[in-house]
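In order of appearance the chains are A, B, C and D, and numbering begins at 1 in each one.
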């Protein structure tokens, strides 16, 4: 799958979705895919971030991660999104990125991207499913091809069995409760594999 | 709240949702509400049920529970639904019940019922959120008033923090993994309380 | 695309979704796909159907259409669903069919089916979007690959521009209001095309 | 209903949702409610707005409309949201507003607000339903009480029969295609009426 190009696009405030993004990149690279890990632009003012130790640390830890652009979406054969839930929907930062891709969308350049998504929340049922589904609804507008994990591998059951994408619960201490690394890697491989089929088919 | 009439309408194959329904009834009765616990009609053939020990036991355990009718919906000020997830949506048995209420709906008799819902699944993220949301979408067609638990009580966090309604994971042994009894009772009280406001307001 | 096998699975009470299914079959056959048009089992009692002239006529018109089975799902590389909306969700008849595919699902035989869906309603915004999305949520549980029309062809704008799948409004007289034939055929071709990519990729 | 406080919160780029918001305010005021019409903060840079005549005109036309704050949410008994669809979901501007209400939410001050929503799109099925449903999912996290129009008045059928909230199609010329004014007013009255019941009940 050396010729599949994957963009892993994340928003992370506490570090969890950056970690998920890195695991996805790792899993995809093991298949030979070319991977870019990319963050969406922050909307919060610097002063608010400064006042929150965890957030500040995440901004610092991701300071060398490039901000995603339309050119990255155009470049990609496959996209994996990774975002925390915000009231059962993607965060505004990710929504803002999607909303500003209208130009790309209007010229048909979002069509046939193979996509899947990952998420995190502080409660086990705190909007994980709804957040993933919100991303897929938007992707249908893009003409993307949606390939979620479903129950395609036993490793998914250990990670909570979310068929819409890997989701993880984050404890009060900011640490992930379930061990989802293997599930993330499986999801990344599946996304890249389907993208390879789609890419070859289009050639 | 002596004058609020609550219908708890469930479908249960393994007993979990019958148990949730009974807890909801208990919680509602503690507020003084008049409660009916009602099952929806089974669609599976008797022969299939006979071949499944757990299912057969549930059918036996619920044999004296009345089958819900349009008259029950008309009677109710409030409705709590309780169903297992089936591929991220309510089971066909519950859908069949809703679908056959077209006559009641067409005469405006589903309007202003105060509703909430509960669910169960075998995986922690096995469609709990999506199933609850599927019920609410249909309820918007009915002109119902939707009052989910949200995060209106600390007891909800212990039950998994599902803001759309109480949800529980059922293990391989058929037993509930989280302790959701207090969350169910809170949800029932909230549903009845909002129904009381709506009922008084309409008088 | 001679080797792609497409199952068009519909439920129709008034004839609209049977018509949509036939157009989809036509569009798919033009690409060389092998197509089966299949109905789901009726749940309504014969007496109710007899009392409704339109419904009776549809049952009569579709009496030679085979009832879909698990073997058809297993056979298919691609599936197009076509259903009327029922309170913003698929009808119980279709849900019952999906729910009874648990055996197939448990053995992984629903994985990688390429799917899309079509729908109808009596109001322009009477649940068309929500109904299509309800089918896709279930398909994610199946591990299916979802390829909706998006805005992949200008013909879709004339049909109402529903990116989730072709949808049509049915007037009081039972006739379709928008002209969606070309959109249906485009959708069928897109579904088959993606299925061909996936099928070849898996070989 | 003199004592019901309604916040109509909108985002508008082309003027449609500002118009819907004004009609909602008008309908609510006819019932005696106290109404604030409020816009969410813009996220687009001034230079982008300047380059778009229609957008610039809307910003100019709404320059005296106050930007909504947490204090407005706290003040309100009822909220009506009005937003254009952006890829089947609310625009990032509205999402950003919701996301930044975490402080209010954490102190329970979003509970029992009575809410409904309105939307617009350029295609008749361009995400109207999905956008409204995305708002309600978030509102369930807030512990809000959702009172959509359903089919509670014949006027709704003329406006497209969207049970989740009034939705309108905007033509290439920027003008609304359906006549939804009466439907908007009905929705506003229903939202205020249910809010009055809830408010009285809580006293």
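Odds and ends about this structure:
Throughout what follows, contacts are C-beta pairs under 8 Å (C-beta built on N, C-alpha and C of every residue); 3 or more make two chains touch, one makes a residue touch a chain.
Predicted model only: the values in this text are computed from it and were never measured.
Chain centre most remote from that of chain D: C (centre = mean of CA atoms). Taking each chain's centre as the mean of its C-alpha atoms, chain A lies 34 Å from chain B. Note on chain placement: the centre of chain B and the centre of chain D lie 30 Å apart, centres being C-alpha means. Residues of chain D found to touch two or more other chains are 88, 105, 127, 130, 133, 137, 140-142, 163-164. A complete topology is adopted by the chain contact network, contact being made between every pair of chains. Within the complex formed with chain A, the residues of chain B that make contact are 88, 122-130, 133, 157, 160-164, 167. Within the complex, the chain B residues that touch chain C are 43, 86-92, 95-96, 98-99, 105, 127, 130, 134, 137-138, 140-142.
Residues of chain D touching chain B in their complex: 105, 108, 110-112, 133, 136-137, 140-152, 163-164, 193-194, 196-198, 200-202.
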